[in-house]
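Same chain, two partners: subunit A is paired with subunit B first, then with subunit C.
After this line comes the complex of A and B, so read on.
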């Protein structure tokens, strides 16, 4: 394989993973923007989406129904968590809230372990067919599904935020929570919507990635952390930033794994995280500054 | 003023009583298994005391303390087994090196606010873990150091039993608690508490908040490193497994469960969690026969969530609050019955 086609190969697989990271990062950013919480349980929402999908497909449901049902289930679970745990601890300090979400993440992971066990599950790709050749590089059809889903979801998210009432209300909370409240926007309701919406994004990410990776109870940890790194790369409060951060992270990681060493793949993303925190704490695409406005 | 000296005296006598109990314990408990659990509690206490200083007084959370713990363990392990360096010098080298790493990581981070230290330490923890796994020539990779690590010895006395090691670990742990206590009640401690109240006000009064936070962060990393060295010489074998993200989270859980506002928090938190972990290892296989050791994480998660919701200041503060409420109620009933 020539260097050019090799690079193309890394680029394509990087964009595939990058799409997933972008979806997870978007979830982080939405919750952080509206509630100020960094939700360490985000990765578990991804895992739950994938697990439900595998289980429902196995139970004989047609894939599209299973997909919608899985997302709905995750949304319901997260709504219960928001009302039951996050809301009752709202007065706690930011440090306590971080710890609370770590606890939630551990509990969800533990329950998944009890329900599904430790062994990995497989999900059939959405469409059958062999690998596709593009300019010397090959990708599986599922990669196209992932990239396609990311694009569609981003378009929908953009539409929701720009043109719907709820989207505008969410943005109003980001700009000025107090003023939003004066205008009759209920911050409690907004927090619930933010959690549920971001859970749906993460669950979808889990479902589309399931066919190209094994589904295990602990898959959420790394995906969650990577999504988190992507969100930080993008500045932690900008939605386009999160998307670019996700894609950039996917490509850098894939290039690094291919050109340097695959064992250090995870190391590369976190070195990147440290570099960004040191050099450009506002994110690569954000405005440099030490505090979220 | 009189009240202050009284409280100080109370504090000192509590520490003395506690130390006496700790040092008498191994003469009462002769079971080796229980002793080894107590040694592990001592080692974890050293880490968590440092973490509590950071979390309770600098208001910052570290999700990478297992990395500092691991750096200490591996520095000791590699220097003593491969290079035949004296264990005590290796331990010192580990602590100084780890402190330096923390300082370098912390220096740019403490200019920032909010959760950035959590992020940076999380990243650092994962990087250290990847290095431990991948640098096979130096660390032995996933299967651990191939050469065995020597026991610690003081002069001719080789600390090769749980009984002897218990005293070393707990003396270090008590020193760590006393030092932390002094830090809390020193100028730096007062400065840190003022940061907790209002960082802005503290800064305007001339407190260099960043510098003090950084010092506490480096100190807590050194605590973790020394605990790691003690762990390495106790188990005499190390692999990357105990130094991953789960361990970092476990340390945070211990700190939070105990509570951050008191020097007794760490001991309480570590004891509760360690005993609980050991008990779960016994009990769970009897209820669910095919269960693996990982089931304890469910319980961990729930404890953390429950504590954050119902006792956000931890067990120590929770117990104190209950006591105060009880006393208040008693005083009131005394008053009404008196009238």
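After this line comes the complex of A and C, so read on.
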């Protein structure tokens, strides 16, 4: 294998994982922008999406139905969590709420352990067929599904935020929560929408990645943390930044794993997080702070 | 139309408003003048539902609004144009205006577009900049946008908090001309203003707020002549 095709290989697998990170990061950013909370239970939403998908497919549902149903289930669960746990604690400081989400993450993981056990599950790829050869690099069809899903979801997200009325209301909340209330925009409703929307993104990420990794009750931790790193890379308040951060993290990780050692794969992303926080705490798309209220 | 009855508001444990009563009739322009820290903004904030009064009632028509949160007060017909304008600076002028009509988006969608046209005709400067981001406008333009955004809610009473704050004298003049225009169109306005002379000149009635209580109420024209008001708020010397 020549170096060029080797690099192409790393790039492709990097973009695959990067797409997943981008989806999770986008969830972080949306919730953070609207509510000021960093939701560390984000990774668990990914796990729940994947777990429901596996369970429903096993129960005999056709894949597209199972997919929609899984996303819907995660959205409902997150809505209940938002109303039950986050909203009732809304008077608490953002730091307490962040800690609360860590608690939620542990609780969800614990329940998942009881329901599904420690056993890893497998999900069949969405489409059959062997690896595809592109310029000396190989890519499994599921990777194309992941990249395709990411692109579609990002386009939909962009459309919602730019062109729909409640997307604009959501952005108004981000820009100036006080003025948004004066327009009659209910911040509680916006917080619920933000949570449910980002839950859907994360669940979808879990579902599309399930066929290329095993689905386990504790898969959410790493994916959540990587998504967080990606969000921080992008500045934590910028949606294009989150996408860029996700893809960049995926590619850097994959290059590092391929060229240095795969043992350092996770280490690389956390070193990256530290570097960004030391050198450019506003993120690479450094617009944070000034715009968030 | 708007009636405030014995309202007291606290910030934490300190009493900012002490049993304030006032009323604004339909089509009237009423101004509240007073020194820094007298509680003017708190009064408007209480009417708009940002602060909950500890005692007293606020009525709009026959409906009591004093226990509603800000986002529920807007649909009732009270719209506050906040101090320092608070426009959505990373959104376009059109989007800012659209969001002003948020509460009637579901019920009254058809009229929003024509209302935007209507508001823009009041502020010709904004007309050429509908696609510009609000944050890139000048201070005066942002103030106009904030007023326009407030009007988009179709309020029964428009509350204006310091519309001339931080603007150049020429721009202030322009803003006041717009306010006169609004008054002519029959908009009911309750306005807080530091620029007492200008405010008294255009208003019908005025209240003077001093350390959380109303010390004087009356016709704006009479206030301009009142020696106490002149010395305290209009900068006239008693022995000149």
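Here is the rule we go by: the second predicted complex is superposed on the first by the 286 of 293 C-alpha atoms of A that agree within 3 Å, B and C clash if a C-alpha of one lies under 4 Å from a C-alpha of the other, contacts with A are read in each partner's own complex, and residues count from 1 in each chain.
Keep in mind that, in the parts below, a contact is a pair of C-beta atoms (placed from the backbone, for glycine too) under 8 Å apart; a residue touches a chain by one contact, two chains touch by 3 or more.
Not measured: the values here are computed from a predicted model.
Colleague: Is A:98 contacted by the first partner subunit B, the second partner subunit C, both or neither?
Modeller: Touch partner of A:98: subunit B, not subunit C.
Colleague: After lining up the shared chain so the two structures overlap, which partner does A:278 touch, if you call subunit B first and subunit C second: first, second, both or neither?
Modeller: The answer is first: A:278 touches subunit B but not subunit C.
Colleague: Who does A:186 touch here: subunit B (first), subunit C (second), both, or neither?
Modeller: second
Colleague: Scan A:266 for contacts with subunit B and subunit C and give back first, second, both or neither.
Modeller: first
Colleague: Please determine whether it is subunit B or subunit C that touches the greater number of subunit A residues.
Modeller: Counting contacted residues of subunit A, the larger count belongs to B.
Colleague: Is A:3 contacted by the first partner subunit B, the second partner subunit C, both or neither?
Modeller: neither
Colleague: Kindly classify A:172 by the partners it touches after superposition: subunit B alone (first), subunit C alone (second), both, or neither?
Modeller: The second partner, subunit C, only.
Colleague: Look at A:59 in the shared chain and tell me whether it touches subunit B only, subunit C only, both, or neither; answer first, second, both or neither.
Modeller: Touch partners of A:59: none, neither subunit B nor subunit C.
Colleague: Using the superposition on A, tell me which residues of subunit A are in contact with subunit B and, in the other complex, with subunit C.
Modeller: 291
Colleague: Quick check on the complex: what are the subunit A residues that touch subunit C?
Modeller: Result: residues 165, 168-169, 171-172, 175-176, 178-187, 291 of subunit A touch subunit C.
Colleague: Flag every residue of subunit C that touches subunit A in the complex, lowest number first.
Modeller: Going through subunit C, the ones touching subunit A are 48, 50, 69-72, 74-75, 79-80, 82, 86-91, 95, 98-100, 102-103, 105, 149, 153.
Colleague: Give the list of subunit A residues in touch with subunit B in this complex.
Modeller: It is residues 38, 85, 88-89, 92-100, 102-111, 113-114, 118, 221, 225, 228-229, 232, 261, 263-264, 266-267, 270-271, 273-274, 277-278, 281, 290-292 of subunit A that touch subunit B.
Colleague: For a test of understanding, state which residues of subunit B touch subunit A in their complex under the given definition.
Modeller: Touch residues, subunit B against subunit A: 55, 59-61, 63, 105, 108-109, 111-116, 118-120, 122-124, 126-127, 130-131, 133-134, 245, 249, 252-253, 256, 292, 294-295, 297-305, 307-309, 312.
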